[in-house]
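Both complexes below contain chain A, partnered by chain B and then by chain C.
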Partner chain A sequence: MERVPIIKIGRTLFVSIQIDLEDETVVRLQEDLANELTATGASGVIIDITAVEIVDSFIGRMLTMIGSISRLFDAETVIVGMRPAVAITLTELGLSLRGVRTALNAEKGLALLNGIA
Partner chain B sequence: MDELPIRSGDDVVRVRQQARAAAADCGLSLVDQTKLITAASELARNTLVHGGGGTARIEVVKSDRGRSGVKIGFADDGPGIADLELALTDGWTSGNGLGLGLSGARRLVDEFELISEPGAGTNVVVIKWSR
Partner chain C sequence: MEAYGGQGRMPAYLRDHHDKVVGRWAELVVTGVRGRISPDEVRHELEDLYSLLLRVMTQQDEHAMGELRAALDELSRSRARNGFTPSETALGVFSVKDAVYELVADVTELTSEYLAFSRMVDDLGLRTFETYSAAREQIIADQSVSMLELSTPVVRLWDGIVAVPLVGTLDSARTQLVMEKLLETLVSTGSEQAVIDITGVPTVDTEVAQHLLKTVNAARLLGAHCTICGIRPQVAQTIVALGIEFGDIATKATLADALAYALTNAGLKVVPA
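Right, the complex of A and B next:
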């Protein structure tokens, strides 16, 4: 199983998903992020899914949970870079990613977090 | 025609990759490719988690009217499904998921057939046609 790296820049944790996600990889990412949030006291998480070709119900649920978990550590999560085809498919699947914020790209995501913090 | 084993999370990723290759080969649009791959991911996970593992068979098919499409059949020898209507209802879940796997997958494809009986495993066949 591959792991997704988490990079801290300032008060933000930055995650860029560049691999085909296995279920276990996403669960691991959730745990790693929770640990990093406690260790660093970061106030924001940006998850870049530009390279992610599909978000199915499991991956979508995990992203929503990452948002909820971050909030428990007083941090906001922004999902950025969703592909148009992924957005259309997610909506048809019936997933709304309720509770997580989204932004067009990493730059706008960061601006959103800076506006909140 | 490829028959792929579904025994682990790795295998689910492999089914997605093969579905993507077949979808691109048969000229599905990017949105339709994404829908098919997402449906394949849901169904492969069901095969693994609820069916205790099984197989996926991916093939490119032609319709009577000459359209090409990708057909994927999932088969397992798991416990099967007692109430098919219920299993296809949005929000109904046998585990801790969102209950969108089967019902969502059905919405994402053009043809969807579910055959299952308690004790007799589950077979799901889906087709996505090119436009």
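Right, the complex of A and C next:
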């Protein structure tokens, strides 16, 4: 099973999803992220989904769930680089990713987190 | 389409009187189109048609009918594009009957053959009509596509602020296009603020509102902030009467207010020079 690497930069955890998201991968990422948040005490999580072209309702819900988990560790989640087609799909599915912040790209996402901190 | 089956004297007769028939035919057509095509041009077109017609009648080769049809199709398409009426287009073909009839009226032995000839021309005339309407429909379809493209511009108001002035009725197809164009622009320009101006939208019903909300939500997923502005008084009343909730989506009265709001959101301030 493929794993998504989690990179720590300062007080932020950076996750760049470069592979096709399977359900198992997403569940594994959730666990890894929770462990990493406990270990590092990071205050922000940036999830870059620039390379993600296909989403379904499961993945949409997982992203929201990652946001809720991070909140428990007092960390803010920002999803960056969503493609227009993905955004349209999520909207059509009726998912608005409540509790998760979004930014156009990683740079703006980082600025957003720094603004909060 | 019925082919001209006569092996009689008519083809030879018509060929002998080529200039006379074409001359009269061109005269009739030129009167019909009221000077919108030059007589020389008409004559040139008809010469081609006439020689194809003769080839079909003498049954020299099997390609003649196909070529004649293609030539007629081409002619009716160009007529349709240049704004001629269907009758003007069809009369251009039918008038060859008059031209030929004037010639053969006195020759009794050609009467039966004239009937077959007339039937063939009728078929050809109907064909021009069909091609004409097909061409017209094509034009209409092309126009609606270009209207769709024209009516959904995404303009840049400021660095990081884009606007979509919506004009006309919003249906699903258009909203989809607006949504896609807006999102593409937000991503490609890296803009975080979008203003949707609906001053030009005459009516807002639940469906249109639903479309607007979807667009705003999709933009939010990208990390952009949408402001809706230009809601007209009647539209505002309808929205409230229908019980449509815009939730936490920012709405402003005018485009100017929305721009000011977007500038504030972007951390910019307008000061007197």
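We adopt the following convention: the second predicted complex is superposed on the first by the 117 of 117 C-alpha atoms of A that agree within 3 Å, B and C clash if a C-alpha of one lies under 4 Å from a C-alpha of the other, contacts with A are read in each partner's own complex, and residues count from 1 in each chain.
Just so it is clear, contacts are C-beta pairs under 8 Å (C-beta built on N, C-alpha and C of every residue); 3 or more make two chains touch, one makes a residue touch a chain.
Small disclaimer: the values here were computed from a predicted structure and weren't measured.
Student: Figure out whether A:D23 sits in contact with chain B (first) or chain C (second), or with both, or with neither.
Tutor: In the superposition, A:D23 touches chain B alone.
Student: For A:G109, using the defined touch cut-off, is the partner it touches chain B, chain C, both, or neither? Pick first, second, both or neither.
Tutor: The answer is second: A:G109 touches chain C but not chain B.
Student: When the two structures are overlaid on chain A, which partner does A:V15 contact: first (chain B), second (chain C), both, or neither?
Tutor: Neither partner.
Student: Between chain B (first) and chain C (second), which does A:E92 come into contact with in this model arrangement: first, second, both, or neither?
Tutor: Both chain B and chain C are touched by A:E92.
Student: Who does A:E53 touch here: chain B (first), chain C (second), both, or neither?
Tutor: first
Student: Looking at the overlay, does A:M62 come into contact with chain B only (first), chain C only (second), both, or neither?
Tutor: neither
Student: Chain A residues touched by both chain B and chain C?
Tutor: 83-84, 86, 88, 92
Student: Which positions of chain A touch chain C when the two form their complex?
Tutor: Residues 78-80, 82-84, 86-88, 90-92, 96-97, 101-105, 108-109 of chain A touch chain C in their complex.
Student: Please name which positions on chain C make contact with chain A in the complex.
Tutor: 179-180, 183-184, 186-187, 190-192, 214, 217-224
Student: Which of the residues in chain A come into contact with chain B in the complex?
Tutor: 1, 20-25, 53-58, 60-61, 83-86, 88-89, 92-95
Student: Per the contact definition, I'd like the list of chain B residues that touch chain A in the complex.
Tutor: 9-10, 12-13, 16-17, 20, 30-31, 33-35, 37-38, 41-42, 45, 90, 97-98, 100-101, 103-104, 107-108
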